[in-house]
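Contents: one structure, followed by commentary.
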Amino acid sequence: MTENMIENTSSNDDQEKIGVYVCHCGTNIAGVVDVVQVAEWAAKYLKHRGVVIAREYKFMCSSLGQELIEKDIKELGLNRVIVAACSPHMHEKTFRTACANAGLNPFMCEMVSIREQVSWVHTDKVAATAKAKAMISGGVERVRHNVPLEPIVVPINPATLIVGGGIAGIQSALEIADAGFHVYLVEREPSIGGHMAQFDKTFPTLDCSACILTPKMFSAGSHPNITLLTYSEVEKVDGYVGNFTVTVRKKARKLDEEVCTGCGICQEKCPRKVIDDVFEAGLGYRKAIYTPFPQAVPNRPVLDVANCTYYEKGTCKACEIFCAPKAIRFDQQDEILTLQVGNIVLATGYQLFDARRITNYGYGRLTNVFTSLEIERLTNAAGPTNGNVVLRDGKTAPKTVGIIHCVGSRDKNFNNYCSAICCMQSLKFAHLIHERTGATIYNFYIDIRAASKDYDEFYQRVLEEGTLFVRGKVAEITDVPRMESEKGKLIIQVEDTLVGKQRRIPVDMVVLSAGLEARSDSKEVAKTFGISCSFNGWFIEKHPKLDPIATMTEGIFIAGCAQGPKDIPASVAQGAAAAARVLGRIEQKQMALEPVRASVIEEKCSGCRICNGLCPFNAITFHEDRMVTEINPALCQGCGTCVAACPAGAITGTGFSNEQIMAQIDGLLMLNVEPEPVTA
Amino acid sequence: MSDYILYPGCSMETGARAYYDSLKAISKPIGLNLKEIDDWNCCGATEYFGISKTPAYALIARNLALAAEEANGTRKLVAPCSACYLNLVKADHYMREQPKFGRQVNEALAAGNLSYKPGSLDIHHLLDVIIYDIGLDVVEKNVVRPLKGVRVAPYLGCMVPRPDYDHRWSDHDLPVELDMLLKTLGADVVDYPLKTECCGGHMPQISPATAFEMLRRLISVADEREADVMTTICPMCQLNIDGYQGEMNGFFGTNYHMPILFFTQLMGLAFGIEPKELGFGLELVSAKNVLDAIGVKTPPEAPTPPVPPRKPRKPEGLPMPTPLTNPQIETLKKEVTK
Amino acid sequence: MTDSFEPTIIGFTCNWCSYRAADLAGTARIKYPPNVRLIRLMCSGRIDPTFVFKALANGADGVMITGCHPGECHYIEQNYKALRRFQLMRRTLQGFGVEPGRIRLVWASAAEGARFASEVTAFVEEVRALGPLHWGKNGTVPAIAAPATIQKEEVPA
Amino acid sequence: MTAKPKFAMYWAASCGGCEIAVLNTNEKILDVDANFDVVFWPVAMDAKYKDVEAMEDGSILLTLFNGGMRNDENEHMAKLLRKKSKILVAFGSCASEGCIPGLANFSDSREIVQTAYNTITTDNPNGIYPMTSYNMPEGEIHIPTILPVLKTLDQVVDVDYYMPGCPPESNQIAAVIDLVIQVVQGKAELPPKGSVIGAGDSTVCDECKRTRNVKTIKSFERIWGIAADPTLCLLEQGIPCNGPATRSGCNARCPIAGAQCIGCYGPAAGVEDYGARLISSFASVLDANEPEEIDRILDGLVDPAGQFYRFNLAGSLLRAGVPAWKKEKA
């Protein structure tokens, strides 16, 4: 019914003054596209479309090229600019700034990519030139419908939320707090410290994990600018960059943290022994009321209701009876806190690959098969065996130990990726176990990846210690002997690919260097915070190389293993980097958001609610009272999905409006060309 | 009542009659309605495929063609014999995967005015049907005489869980389906790591010494782990372990007494069906101890050694991680299938 | 007649993956036929069937829609909306007698320049094989053709 | 008497429903007579084309033109009445956007003729087909020539106003008549040229009383296939209701009565392609991400082209199916 003839689409033709600038980019473009002809053509055949000037120049992006544009804007009164050059991802900013300098709204400038999309990918000069023309004509039609846009400015709340109290989170928190801004550090477990607190030594320097972590934990715990929320989880995130409102559930510890002195008598007296499958990796016991480990921060126990005799039988209360300051509160309930923060750092870490999934390695079935975390605890002086490496019987020291690399990693049945830390970790185990037991150590590896400072040196050292390396993926670990020598042992069946032979190697203990996996709930977490997750659960960074800290959602940053497997130095670095980014934001006090946004024309909106469920950033809200939908510009990320979905055409999108795109289609199809169409 | 086309295979009426009898006995209570393929023929066993490919597959494919013809209402074909199952599945798979080969086979079939369109049948092994179609809940309902205190070593043999074209099994080396079934029947399931190792196949004819060593491994491990009985889903496995156990004992001078029963026999037993209906007594290594263990009266014969009392196994030293539970396995299965 | 026929194809790319894939194809100098002319959108979720119909009605012989791989959308899940629309669009166009092969949905990550190029090449060839799309070229209102009179003998009894 | 402004109404390819709708304004029709001099209205009074041709250009103030351009006679009359009228209104769905007759644009006009003259429902033993011209002893006689594609009025001539609906609601017609009379009496201003009159700017949902939630479609249902909740939005129940994209003005008659909106009021203000809006919105809220699953849901939507373009085909961007265009090019 509405015929979209170009003549009547554009608003007041006479006023459009468009300048077209064709770049040679040296010979990059000019070598294939006849830029001179293109410019002349534009001037002639697009005159009636408002093109008042068309120039070609060696390097438009050079200061001289930019001045050319600025000059024309001032002298010819251009109100729209087309730069036919490289990809907008390359120089859009450059030319928009140039326009702004000349007093033209930067969003009145559009780029046409005739390098990446024409000269670099086509060889036929005639066809390439024709395509360049078509693309410029498309750009011209589009820019006719551009409107001046002003960036949306939002204030930045100086407080920051950091989720995850592992080393990455702690580092981030300290950096920001030291800079004098407030930080809320939320940790799911009763204490901060994360996986690093479970380790004994750290590769390659073998310095004691606790010794370097504890001070950081302590300062995080005691820092005036850090509010520690342990044993707590984020339930809801509303708002947008600079103005997030976060709902946190502080799980009931069943004791008054203020009153409690952390003396530990309650743990001593608690009669209930529970397997600790978090901190002790299932290898040790804790009480029903416990702090996960002595150096825990905060040094306040939690009462594990699920395993407490009192909550089962209604009697006991040993902890309460013996607690001198009377801190136990059996009736304590979960607390819901609402925090106002400007930025969020997600450092939720990883979880260990469940080695039981590889049945032929027998973890969970064969008593003396251990996972890496279990070994960390075994080797840890503060661990269940005080650092004695023993078999599961709790006494016997192994004489031979097989360490298997890449368990659940680099394996298309489980995870394709390399978990990055397993090689070094296995070498560390080889060293530690040999040191503690004098046992013969076998390493079964696919490749050794020791590519970081001092890593390969450590590998050399372990080699020199006489550790045996067998190159090959282990097929099976079995306790079924075939000969006397195998009786009572675990037999590792493997093809030694260097010798090209099948080998059966009997050992006393097997260590599975299990890979790193994203937290099983990472997808929900991503949804809560409105960021994206790769299919194997790692959070997706804004750019894999140039911005591995930020996410697509403004104001939300990621650090540590939550973004992908990495070792301690890398996690710390990324934690600090995230802090730096946050501090930058805080210092600006406010930030400008790209004005590419969707908005609802209320009188056209019929409240059909088609769009209501389409926004992953919760920018769309429905007003029951007025029966209309509204879009929050600060939350809107400008994807335009709702614009395209609105059945009534009641949603418009700036920067990529229907008018702009429809006009560009006509332009690309050369419907606007006069007097006679050029033959492509 | 779920309908299935049945391909019994040669052994069911001969060596593995116990399997057939017990299958017939249990199929009613669990609502398994089997319709035997009319005029089925040999599956080609194991050797033929090594000798001459096309004829061998034409031979087995003939059964598929017949089954597909009869497949009105259902397209599910079930084979109780592992070898038959594997051959049927392979025939269907190769015909689908290699269209040229498929055409050759169909040319051969054309001689008998037959043809088979690969993929037109769902081919299952009996155990797969019972676990995933019928369901353990149905089995559980029928258990009236739990196999309490009977220690069973689950033995599947090599041919069913591999190659698992349709991702039906929880694992290819140590699948848990049979364990799950036995637990449902109330038996104590022995951790039997050799459950998918080779039974020797036709090795006893070719190289007895080799075969005996393979059998010794299977039987000794079951025995060390204090199994009263082994159970299998494969006539060939049953034949080897049952039939050659005596000779094997002679060969090594050992004295193993390790009866091996078909899983359907144990099901029947738990369902309270009369042992003789289930083909008990056909086995060479008597499974009387099993019957005694659950107090099924049998005419007294030679006194059998009393079953030694079990030592209680309480955890010592460091705790063990709990094995994966069935739901977990189900989810893992799904992941694999993805 | 399709030998000399050069199809015109309008392509819609998302700003984050496929447009960058096109950039990469350029930087890597991977060649593909010049028949495709791209329009940049912020997300494949912005794709509106109106755009596609407009292009076809105004002289394009095919339309290509590209976006991030499922699960990797920079707007988390919007490319699924593109997928859904694409499938319904294709069904509707079939009702118009338009071959489904004339619209194509391609997932290409920012790293898949080569894939982008090969997809374009393949698509151009497919559309070339389908021949020109007989629509009101250049958006002009079609002139009235010869009278649709059917003579008696022309009709099968 | 002669001072009264002239009024005309004409029907091209249409069913006559629009005329009935005008009569349904009851006594309002008397106002027309009172305020206008009805000079041409074939359905109501006898008049010859030559009478119209004889009229002075622009002498008719208001012409309500219903029906689409199916043959050259329709076109001839459209052009003629355009010449003679000050205000030409595309009256009703057919003239505005093609409506049901426009659905013929999915097929080759030859097939249409064949279907009309050579199907079992047609008694045509000798297979006689109409011919546009025939020589008789008295000379050559002509009948109108069918066009390859049905066109909307504004695809042939310049149109001042559009009045949607199949047919337009009588109360809306009455309102429009009142407006024009007021304009004639200088009491009111005419809306800007090209605007849609006698309808709202939003969509049917705006007037629909049914309760609405955030939408997801798990499957498409036929109205008779399910026991629909009388108070809940039909689309949320899987019934493909075109309401969300259809211009308001009918008071959501159909949805409120329990039948899905089929879209006779055409697209909302400023919408380029009616069907596209529906495709986009329906698809966006499908509850599936896997291609197979999406297809499964879409299988429930029989004949999407018909669903989305029942009234709008001739007026849509594509305007016709390939068969018709192929003919066009031939």
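We just call them A, B, C and D in the order they show up, numbering each chain from 1.
The rule is short, and it goes like this: a contact is a pair of C-beta atoms (placed from the backbone, for glycine too) under 8 Å apart; a residue touches a chain by one contact, two chains touch by 3 or more.
The structure displayed is predicted, hence computed values, not measured ones.
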Relative to subunit B, chain with the most remote C-alpha centre: D
Pair joined by more contacting C-beta pairs (A-D or A-B): A-D
Subunit A-subunit D separation of Cα centroids, rounded to whole Å: 53
Cα-centroid distance, subunit A relative to subunit B, in whole angstrom: 48
Counting in whole Å, what is the centre-to-centre distance of subunit A and subunit C, each centre being its mean C-alpha position? 34
CA centre of subunit B versus CA centre of subunit C: separation in Å? 54
What residues in subunit A touch two or more of the other chains? 3-4, 614, 641, 644-645, 658, 662
Would you please write down the residue numbers of subunit B that are in contact with two or more other chains? none
Touching at least two other chains at once: which residues of subunit C meet that condition? 48, 50, 54, 77, 81, 85, 141
Going by the touch rule stated at the top, which chains touch which? A-B, A-C, A-D, C-D
Considering only the defined contacts, which subunit A positions touch subunit B in the complex? 275, 277, 282-285, 356-357, 359-360, 362-365, 367, 384-385, 390-395, 413, 476, 478-480, 482
Subunit D residues touching subunit A in their complex are 96-97, 152, 154-155, 162, 201-206, 212-216, 233, 235, 243-245, 248, 266-272, 277-278, 280-281, 284-285, 312, 315, 317
Touching subunit C in the complex, subunit A uses residues 3-5, 87-90, 113, 115-118, 120-124, 127-128, 130-131, 134-135, 138, 526, 530-535, 540, 552, 596, 614, 616-617, 637-641, 643-645, 653, 655-656, 658, 661-662, 664-666, 668-671, 677, 680
Touching residues of subunit D toward subunit C in the complex: what are they? 72, 75, 106, 109-110, 113-114, 118, 126-132, 145-149, 151, 155, 272-273, 275-277, 279-280, 282-284, 286, 288-289, 291, 294-295, 298, 301, 303-306, 308, 316-323, 325-330
Inside the complex, what are the residues of subunit C that reach subunit D? 48-50, 52-54, 56-57, 70, 77, 80-81, 83-85, 87-89, 91-98, 133-136, 141-142, 144-152, 155, 157
